[in-house]
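Two complexes, one shared chain (chain A), two partners (chain B, chain C).
And now, the complex of A and B:
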C-alpha cells in the first residue's frame, strides 16, 4: 500500500562546528504512520530528528544543508518561521520536562500562545481532550492545579505528550520518549503512540529494537551519520539487506 | 620578649614532634605495623601537648602575675597615700608604668618615681619568670608525651580528640562573637528604653527625631526620639534604589543569559560585576558631586525647587550600586533553569520572548526574589551614599526631592558627634538593633526562598 509522503529529506548534511554529524541523508516519511530511527549512540538519529522542526537553530555552531520538505515546502526556506514550523511539528523529549507550572497550565501553554482557544471553556475542552488522548486524564483529573513536576516519571512523560498534542501539530517527533521510564510506563506510552498514528505522523528515535519493532511501520537504521537502510519495519527486522543492519539488530555492533 | 617566647615554645613543640616520631619508630625497630598509631601521630600528640601547655602557661601565668603585681602596687600606693582616691591611685600607677617604659607621664613626682622603680624591678622578674614557666611547662608536657610512647599507646585517638576540640573552640569563638554583638545591642537597647521610661511607642511611632537636643542630666526626652522620620527616609531611599536596580538588573540578566553572544557575555558580565567592587564612598561622592547638582539643575529648568541633597539622588546611586547584585544573582538562576525546559517550550512553537516570560522567569522566580531581598538588605544597611547625598535632617516627607535621613546615617551622626558616648550610644544602638532585626528577617526570608528553589531542581 502506498501512502502520502509527509516529510521528505533530500541530501541533508549537518555540521557541528567541524564535526560532520549527518552525511547525505535521504528519507521519505509517510503520513499517518510511525517511523522509527534506530542506531547506536552518537550515530546522528537525534540530530536528524531535531532538524525536522529546526530545534538545531538554537545551537549556534550547528549548520544544516540539503532540503527537508514538509508537504513539499522547504522548511529551511527564508520565508519559513521556525516558530510556526514548530507549532506544526511538535516534539517530545528524552527526559520528561514539564514546566514548573500546574498540570493544567502545562497543557494550556501551547494552545494559549497560539490562540487556539477563544475562551476558557474551549481551553478546558482542549486540555481535557489532550490529556485523554495522552492516556493520563483519569490519573490527573482531580489535581489539575497541582504542579506537573510532582507527577511520577511516566506520568510526566505522558503529560509532555499531552502538552505536545494540545498544540494540534501535524507531526509528532519523539526523541527516545521511553528511555527514562519503567516497563509499565513504557507499555502505556507505546500503546499511546499506536493510537496517535491515526491522526498524526509520528517519528520516534529509540534504542530499543523491540520498541521499534512493536510500534513502527517504517524503520531507518543510522550508522556513523548515514542512513544505512530504510524500509518497512517488518523487512528490516526479518530480512535486512545491509550486513551492518543485521549486525546491529542482532546485537553485534553498537 | 613574650613574642619570642611564643616562637620558642612552637620550636620546642616541633622538636618534640620529630623526637616523638623517631622514638615511636625506634621502639618497634622500624616495624610500623606493630604500632597502634603511626609514628606521625605519636609526633603530633607530643607537638600538641607541649605547644598547648606552653602557650596556656605563658598566657595564664603572664596575666595572673601582672594582675597580682598591679594590685600589690596599688595596695602600696593607698597604704602610703591614703588620701588618694581609687582613680587617682590608678593614674599614679599608669604614670609609673609610663616612666618605667620611658613614655610620657602626666606628672612626675617623688611617689611616681619611687613606684616606677618598683615597676622596673618587678617587671623584670615577671618577664623572666613567665618565660621560664612557659618553657618548663613545654618541656614537661613534651617529655611526658615522649615517655608514654609504646606500641599500644593510642596516640592517634588522643591527638584526633585534641584537634577536634581545637576545631570546636574556633567555631565557638565565631559564634560567641556574634552572640556578644547581639547581646551588647540588646543591653544598650534596654538601657535606652529605660532612659525614656519604657515609652517604646514614642520611639517606634514618634515623628520628631532630635535625640540630643532634649538631653537633661543624661536623660533623653521621650518626645524627641521618634524614629518614624528615619524609618520613612530609609524606606523611601530603599524603594527608589530598588526601582532603579530591579528592572535594570533583571532585564540585563535576561539579556546576558538568553540573548547576548558568548563573546559579549564574557566581557559584559565581569564589567557589570566590577560595579560591585567600587567602594561605596566613591558612589557617595558621585551622588553628591555629580548626580545631585544634575538633578537640581534639571529640576530648576522645568521650574521645580529641589534641595541640593535629595532622597532621589541617593536612591538612584544606591540603585546603581545594587544592580550588579541583582543582575549577577539573577543571571545565575536564569542560567540554572534547565535547557530542557527551554527546549520544551520552543518545541511547542513558543517564541523566545514567550519562553522567557512564561517558562524561564517563573522557574527562576524564587532565585530572583531572593536576589531582590538581598539587594534590599544591602540598601537598608547602606550608609556612605546616604550620608553624602541624602542629608542629615530628620524630615518626615513623602517628597523624594527633599533631603531625608536614614537609620544608618543617624547612627553615624550619634557615634561620631561630640556628645558623651553614654548618652549617644543608647539611641544609636537601638537604631542598630532595629536595623539588625530588619536585615535578619530579610536574610531569613531570602534563604527560605532559596532552599525552596533548590528542592525544586535537585
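And now, the complex of A and C:
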C-alpha cells in the first residue's frame, strides 16, 4: 500500500552566500508517517528541514531554489504567507528556544493568535493537553506562570515540543528534539512521535541511529548536501544500498 | 557489506572474536564427523567414545557464541552488515551444534554396532555420504569466511546428492532386512546413521543460506529440489 505524499521536494538547492549547502535534493515525504533525516554533522539536515517551513527566509544570505510542494501547493509561491505556513508546519529546534514569557503563555500563544480556543477554559485545556503530550505537565503544573526560561534544558525542550503541537500543525519538523533529554523523557517524546503519526506528518533529524530506527518508517541519509539514500527505515538499517550509508550507520570511517 | 573498520575499534575486535569462535566450532565439528565415520568403519569403540566426549566442548562453544552475541547486541546495537553478521553467527552456531549432536549419535551407535555382524557393502556407501557432507561443511565454512555466494550456492546444490545417496541406502537396508531378519537390528542402526548424515547435509545447507543472507541481505528464493523422497514416495519402499 503506497501512502499519500504530504511534502514533495523537487530539485532543491540551498546556498549560504557561496556555500552550496543542499545539492539537488528530491524527496517525497509520506503523510501520516515519521521520516528521519540522518547524516554527519554539517551535511545539511537542519538546512533542508528549515526549507520545509521557510525558516531559511529569516537568514539573509540564504537562497533556496527548486520546488517544495505541501499537498501539491508550492510553499514558495508569492501567495503563501510564511506565518500561516508555519502554523501548518510546526517546528522544534535543535536548541530549545522558549519565549521570554511564562510557561503557560509559551504554549497558549499559538492557539491564541490562530483563534483555536473560544474561551479561557478551552485555552487552559489546550495548554494542559499539549504539556501532557510533551511529557512535562507533572513537572510544571504548579508553576505555569513562572518564566519558561527558568526551566532546565531538557524541560525547555519539552516545553517547546508542547508549544509546537499546541497549534495542531499538519506537519511537525523536529531538529534533534531529544539531544538534551534523559532516557525517560526521550522515551516519552518517542511515544509522542509515534502517537502523532496517526494524524500528522513528522520529520525528525536525529544523530541517534537507534532513535531513527525506532521512530521512523522512512529514512533519508544526507551526505555533503546530497541525499545519498532514501527508503524504508527497515531496509536502511538492515541492508542499505549505498556503502556510504552503511559506513555511517554502522559507525565506520566513511 | 563493507570491510572498512569501525571508528570504535573494540567493535571490530568483538565481531572478529565471535567469528573466530564459529570457525573453531566448525573445525571441531569437521573433526567429530570424520572421527565418527572412521570409528564406524574400523569398529573403533575408543574413538567413538572420544567423539561422544568431545561433543561437550562443541556445546560449550555454542553457549559462548550465544552470550557473546547477546553482549554485542546489548552494547553495540549493530545495524546493517554488522547486524547480519551477529544474526548469522548465532544461527550457524546452532547448525554446527546440531551437527555435533548427530556425530555424537553416530558414535553411540558405533559402540552398539561393533557387537554385531557387519552388513555387506553398506560401509562404503555410508563413508562416501559422510565424505560428501564433510566436504560440503568445509566449503560452507570457507564460503562464510570468504563471503563467497557462488560457493555457498554450490554447497546448497550438492545437498541433492546427499539426499539421493540416502534414498539409495534406505532401499539397500530394506533389502538386507528382508533377506534375513537377523540383520534388522544392525540395519535399523545403520539407517538412523544414514538419516542423521542426511540431516547434517540439511544443516550445512542452512549454513550456506546464512552466507547468502549475510552477503546479500536476502535468502535464496527458489526451493531446493527435495531429493529425499522416502517420506513422500511409498513406492520407494517396494523393492
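To be clear about the criterion, the second predicted complex is superposed on the first by the 252 of 254 C-alpha atoms of A that agree within 3 Å, B and C clash if a C-alpha of one lies under 4 Å from a C-alpha of the other, contacts with A are read in each partner's own complex, and residues count from 1 in each chain.
Methods note: a contact is a pair of C-beta atoms (placed from the backbone, for glycine too) under 8 Å apart; a residue touches a chain by one contact, two chains touch by 3 or more.
Not measured: the values here are computed from a predicted model.
Asks: State whether chain B and chain C clash or fit side by side on chain A once the two structures are superposed.
Replies: fit
Asks: Where does A:239 make contact in the superposed view: on chain B (first), on chain C (second), on both, or on neither?
Replies: second
Asks: Can A:249 be said to touch chain B (first), chain C (second), both, or neither?
Replies: In the superposed model, A:249 contacts chain C only, not chain B.
Asks: How wide is the angle at chain A between chain B and chain C, using CA centres, rounded to the nearest 10°?
Replies: After superposition on chain A, the angle is 130 degrees.
Asks: Looking only at contacts as defined up top, I'd like to know whether chain B or chain C touches more of chain A.
Replies: B
Asks: After the superposition on A, what does A:159 contact: first (chain B), second (chain C), both or neither?
Replies: A:159 contacts neither chain B nor chain C.
Asks: Give one of first, second, both or neither to describe whether A:55 is in contact with chain B, with chain C, with both, or with none.
Replies: So A:55 only meets chain B here.
Asks: For A:86, decide between first (touching chain B), second (touching chain C), both and neither.
Replies: So A:86 only meets chain B here.
Asks: Who does A:114 touch here: chain B (first), chain C (second), both, or neither?
Replies: It touches chain B, and chain C stays clear.
Asks: Kindly classify A:127 by the partners it touches after superposition: chain B alone (first), chain C alone (second), both, or neither?
Replies: neither
Asks: Determine the nearest approach in Å between the Cα atoms of chain B and those of chain C after overlaying the two structures.
Replies: Nearest C-alpha atoms of the two chains are 33 Å apart.
Asks: For chain A, which residues belong to both interfaces, chain B and chain C?
Replies: In chain A, nothing is touched by chain B and also by chain C.
Asks: For chain C, which residues count as touching chain A in their complex?
Replies: Going through chain C, the ones touching chain A are 1-2, 4-8, 11, 77-84, 217-218.
Asks: Chain A touches which residues of chain B in the complex?
Replies: These residues of chain B touch chain A: 262, 338, 340-351, 354, 358-359, 362-363, 456.
Asks: What residues on chain A touch chain B, complex-wise?
Replies: 53, 55, 58, 60, 83-88, 90-93, 95, 97-101, 109-110, 113-114, 149, 160, 163-164, 167
Asks: Which residues of chain A touch chain C once you look at their complex with the stated criterion?
Replies: 209-210, 213, 236-240, 243, 245-247, 249-254
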